[in-house]
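Look for chain A in each of the two complexes below; its partner is chain B in the first and chain C in the second.
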Partner chain A sequence: MTTATFDLPVVAQKSSNTVGIAVALLLPIALVNAIGFILPVLNLARMSFNEALPGGGIAEAFTAANWTGLIQDSFYIELITNSLMVSLGITLATLLVSYPIALYLHRASGAWRTFLTVLVISPLLTSAVVRTYGWIALLAEQGPVANVIAAMGFQPPRMMFNTTGVVIGLTEILMPYMILSLMAGFGRLDPKVEEAARTLGATPFRTFWRVILPLTLPGIALGCLLCFVLAISSFITPKLMGGGRVFLLATEIYDQAIVTLNWPLAATLSMLVLIIFGAALAVYSRILRMIEG
Partner chain B sequence: MEENPTSWFMRVTVTILFLFLLAPVLLVFPISFSGDQVLAFPPSSWSLRWYEALLGNTVMMSAFLTSLGLAVVVTILSLIIAIPASYAIVRLKVTGSEFLFNLFTAPLLLPTIVLGLAILIIFASMGLLATFTGLVIGHLVITLPYALRVLSVSLGNLNLSCEEAASSLGAKPLAVFRKVTLPMMAPGIVAATALCFLVSFDEVVITLFLTGPRMTTLPVELFHHVESQADPLVASVSVLLILMTLAVVMIVDRTMGLTKAFMK
Partner chain C sequence: MMHQTIKRDGVETIGDPYLCLEGINKKYGLVEVISNLNLEVRKGELIALLGPSGCGKTTTLRMIAGLISPSAGKIAVGGRDVTNIAPHGRDMGLVFQSYALFPHMAVAKNVAFGLEMRGLSRAEITKKVAKALAMVQLEHLAERKPRELSGGQQQRVALARALVIEPSILLLDEPLSNLDAKLRDEMRAQIRDIQQQLGITTVFVTHDQVEALSMCDRVVVMKGGLIEQVGTPHEIYERPATPFVASFVGRTNRVKGKRTADGSIRIGSTVIRSTKPATQDDVVVMVRPHRLHIDWNAMSSEQDETANRTAAVLSRITFVGDVIQYHFDVDGSEFVVEESTKKSQVDHRLGDKAMLSWNVEDTLVFGADQ
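Let's look at the complex of A and B:
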């Protein structure tokens, strides 16, 4: 009885102590989070309802003008549809060039598999500026790719400072993300199932179409979601390879913020990117339910 | 017999796709030894002139020093802030610690172009643009989530029995943490250090919003250089950057094994 009454206050004191210590330990990270994340993002959302004055001025207001302006301006309608289409194209291209590598890696084993996985990850550790620079060298007017095409007897197409270059560059840059997502989703793919299909007389094509592909759909969905959101928000490659001639959402946000100094419009476009993120996520979970269900 | 043609076809396809994936990075090495005035591949002559040009380029060199100092400061601060935070979240398990973990790692979910703009607008009103302090805070926003994630995993994998043994033998909580928990977290701390350093040193998009002519970092300077002219100078910088990254990765690999550090 005495021990019980003695224990209670000690426990209570300890737990309130623990909370105090926890608050102290979490305070610095909470501070950075508040100053560098929560406050800026809330302010950005608020900024999208402010009024832009000519010459970079901002008037505190609560107007939907930036938003309605987007929908009424044909330039922005085209910019948004263009961004969506280019990002979808990049996602599809990335899937096509990544799938064979992911399948090969899934089947490989031992040191060979480790070595190839390191090769896949290594570009991720290289700056996007460096990799884009490599593509500029490859796709230049008198560059190696153009020379090879010319040697085969074709007229080399323009591959720089247009959408083609942006798509090629971003496809390569997003490949590691796609390959890693695909491999993460390949867990259900058992070589025995493929073997069973083949022994039962299915052609390789039919085995792929009826067995391998359906089993890898979750990985495909995850990889596509990731690459789509990364493509639509990527800035470095479109800016450098588009040469100011390719207008996409991310490059327009930067230009409005830094060149035109129209922060309310830049904020509105940023919010639009976040809305597209949300929509992509909703589509993804819907597709995932369809696959699993 | 039926197996062979498909696997042969598969192997050729995978080889070509790997070439596609690695081409831009590999190409940078020969270009950096170009003797040409402009960017061309293959170069018409070979030389070390672009490495010499880099050493003589005061803007690039001072941007490099800024990046290095920035990455070191950001890495140290990330560890000082994230180690206590991971301890509070994993060990003290106060109510809502899962929510806090998600909140503190949430900046990684935002596209950097949006985060960069958001920070630009707030920092402009605080007078933090183109200042070292501003860059440090801006980088901490994205290095802290990585540090917190890696350290929490490493802390969560530790066996509690050593700490319990130490405290039942009479060690005070702080002594237990310093003498037992912290040394056992070493592999996680090494991984977090490398990750924070590389993320800070390579960061472009957010930094692009926060730098100015007075204060710029190497990746931002590279970006502006590629934007304005095409010469092999960027290639020589890139080679040095790649070698530095390789060195950091190898240090991590030697200390603890790469797979253990990043595959968890």
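Let's look at the complex of A and C:
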């Protein structure tokens, strides 16, 4: 008891110290974020209510014209739905090709696992531009993939400068993110639990469906959130592989800001992307609560 | 108790060989972890696979369950060869050391899983799950998630989940080693009771000799992938086949000795006898510490027909609570004697001389190279 009464003030003092240290450590990054991120975003939000003048001018105003214009213009409605659908498709494709790899990596051990993990991460060390050009070379009209398909006696489909190319390229580029997220979320998957299911009479398929899949849902949710966000905001790959024929939110923001010089519209589209991020995050946390509950 | 009622009339009764392992061999690369293992488990029997870690007991259990396949050999259950059958077709209930409950399912769902895989009707499943949970006294926790349960409760859920499918064989992989000592004693009795009630053939893997001796009909002592001895707890304890069994099961004194011309054994200057004659010149003599008797006053070292006697000098005393251990020096060899403690303990000093005696039949003799 004596030690407890002696300890109490010490503990209190210590915790106030820790709070002070925590604040001091967090302050620099908080400042950087405030100046480098929050202020520009607020500025962007303000700009989306300004009025665009022909020739790149901006008139200080407070008008919802940019926003209402988005909803009324069928081009933008198609652009938004197209962006959402393509991003969701890329997310799904990335999930399907990454899941078996992540599951295998989760079960691998020792040096083999290290080697494979390095292999998975290594694409992240090259820039997306280089990898995109690699895909352009592979998928071009007379490229190796087309030649192989032709050699098998099929008419090679058009895989470049259209949505197909963008989906293929982004799927591959996003795979490392998906695999790493999945592996991070596979913590609850104990091989003993799978074995328990097997001994209780579950076939491998039913073991997957009833045990492995539910236990890996947190990883799936995390990977999908990350890949969806990255896909919908990706610019280089859709720009290069779309060949100017694929219109997505990021490429349109670029065009509006740099080519048309309609900054208020670019700001509006940027804010829309932020809103979509927020919605994705809300869906993610909702799903996570459902799984954990 | 061992079941001796073996009937050969085609009807499976207690005592018939039910689970048969024949010439089982398991290699990982070049390393042989199980070598030519042969074992028959009788119907309704609770048998323990006992040994230190790495002896191959868990590997053997996993081969019975079908989770790993043997490199060679045959596994049969009730005459049916299951060697190449996948685990989900084997109809065995396995309880894991870590329980391996499905973390995303409530207790009742965990227990229902095996029944759902068997395609039982909802009403039947509900009935059987309730019965299984009642058996382990967990009806009130049916809707809880495993993470909300204590270790002992999780263990009972795992047991209920394995038993509810009425498996042909129950496999227990160190089910008690994650529980605290008091709970372990309770669960030991509970598992034995349930096993007897259901008359289910059970293989119990453990490294704890007390568990093996106190719960099981027969004990298989394993070491280095080989079976050292198979026998009732009494046989294992009283007539260990090898020095390893003698020292692994129960405590024992172990001293080196030499065979004399007349077949008795010399330890230093003391000559002792055993019921089993020594087969080699260099031998190891083992005596259980509590089978030794200390005579603090008598100083004659005369041998009689039924007892070995030797002069000894007290070198250390260890008080354990319920027992007190006296360490004696006998011509350079150490003998430990255990006695139950009494309230009024006579004090002895280090260096005190005494006569140790023990029955000739309690003297275990092995070849030194065994």
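The rule we apply is simple: the second predicted complex is superposed on the first by the 256 of 293 C-alpha atoms of A that agree within 3 Å, B and C clash if a C-alpha of one lies under 4 Å from a C-alpha of the other, contacts with A are read in each partner's own complex, and residues count from 1 in each chain.
The rule is short, and it goes like this: contacts are C-beta pairs under 8 Å (C-beta built on N, C-alpha and C of every residue); 3 or more make two chains touch, one makes a residue touch a chain.
Values in this document were obtained by computation on a predicted structure and should not be read as measured data.
Asker: Let me test your reading of the model: by the given contact rule, A:V166 touches which partner, first (chain B), second (chain C), both or neither?
Answerer: neither
Asker: Tell me the contact category for A:V86 with respect to chain B and chain C: first, second, both or neither.
Answerer: Touch partners of A:V86: none, neither chain B nor chain C.
Asker: Taking the superposition on A as described, I'd like to know which of chain B and chain C A:M183 touches: first, second, both or neither.
Answerer: In the superposition, A:M183 contacts neither chain B nor chain C.
Asker: Kindly classify A:F235 by the partners it touches after superposition: chain B alone (first), chain C alone (second), both, or neither?
Answerer: After superposing on A, A:F235 lies in contact with chain B but is clear of chain C.
Asker: After lining up the shared chain so the two structures overlap, which partner does A:L222 touch, if you call chain B first and chain C second: first, second, both or neither?
Answerer: neither
Asker: Applying the document's definition of touching, compare chain B and chain C: which contacts more of chain A?
Answerer: Tallying touched residues of chain A, the top partner is B.
Asker: With the two complexes superposed on chain A, say which partner A:A266 touches: chain B (first), chain C (second), both, or neither.
Answerer: first
Asker: Determine where on chain A the residues touched by chain B overlap those touched by chain C, and list them.
Answerer: 204
Asker: In the complex of these two chains, what residues of chain A are touching chain C?
Answerer: 188, 190, 192-193, 195-204, 206-207, 210-211, 214-215, 291
Asker: Using the touch rule from the top, collect the residues of chain C that touch chain A in their complex.
Answerer: Touch list, chain C to chain A: 65-67, 86-94, 96, 98, 100-104, 113-114, 117-118, 161-162, 165, 171.
Asker: Inside the complex, what are the residues of chain A that reach chain B?
Answerer: Residues 18-19, 21-22, 24-26, 28-30, 32-33, 35-37, 39-41, 43-44, 47, 97-98, 100-101, 103-104, 114, 116, 118-123, 125-138, 140, 142-144, 169, 172, 175-176, 204, 229, 233, 235-236, 239-240, 250, 253-254, 257-258, 263, 266-267, 270, 273-274, 277 of chain A touch chain B in their complex.
Asker: Can you check the complex and tell me which residues of chain B touch chain A?
Answerer: Spelled out, the residues of chain B in touch with chain A are 6, 10-11, 13-14, 17-18, 20-28, 31, 39-42, 80-82, 84-85, 87-89, 92, 94, 97, 100, 103-104, 106-107, 110-115, 117-122, 137-138, 140-141, 144, 148, 198, 202, 204-205, 208-209, 219, 222-223, 226-227, 230, 234-235, 238, 241-242, 245, 249, 258-259, 262.
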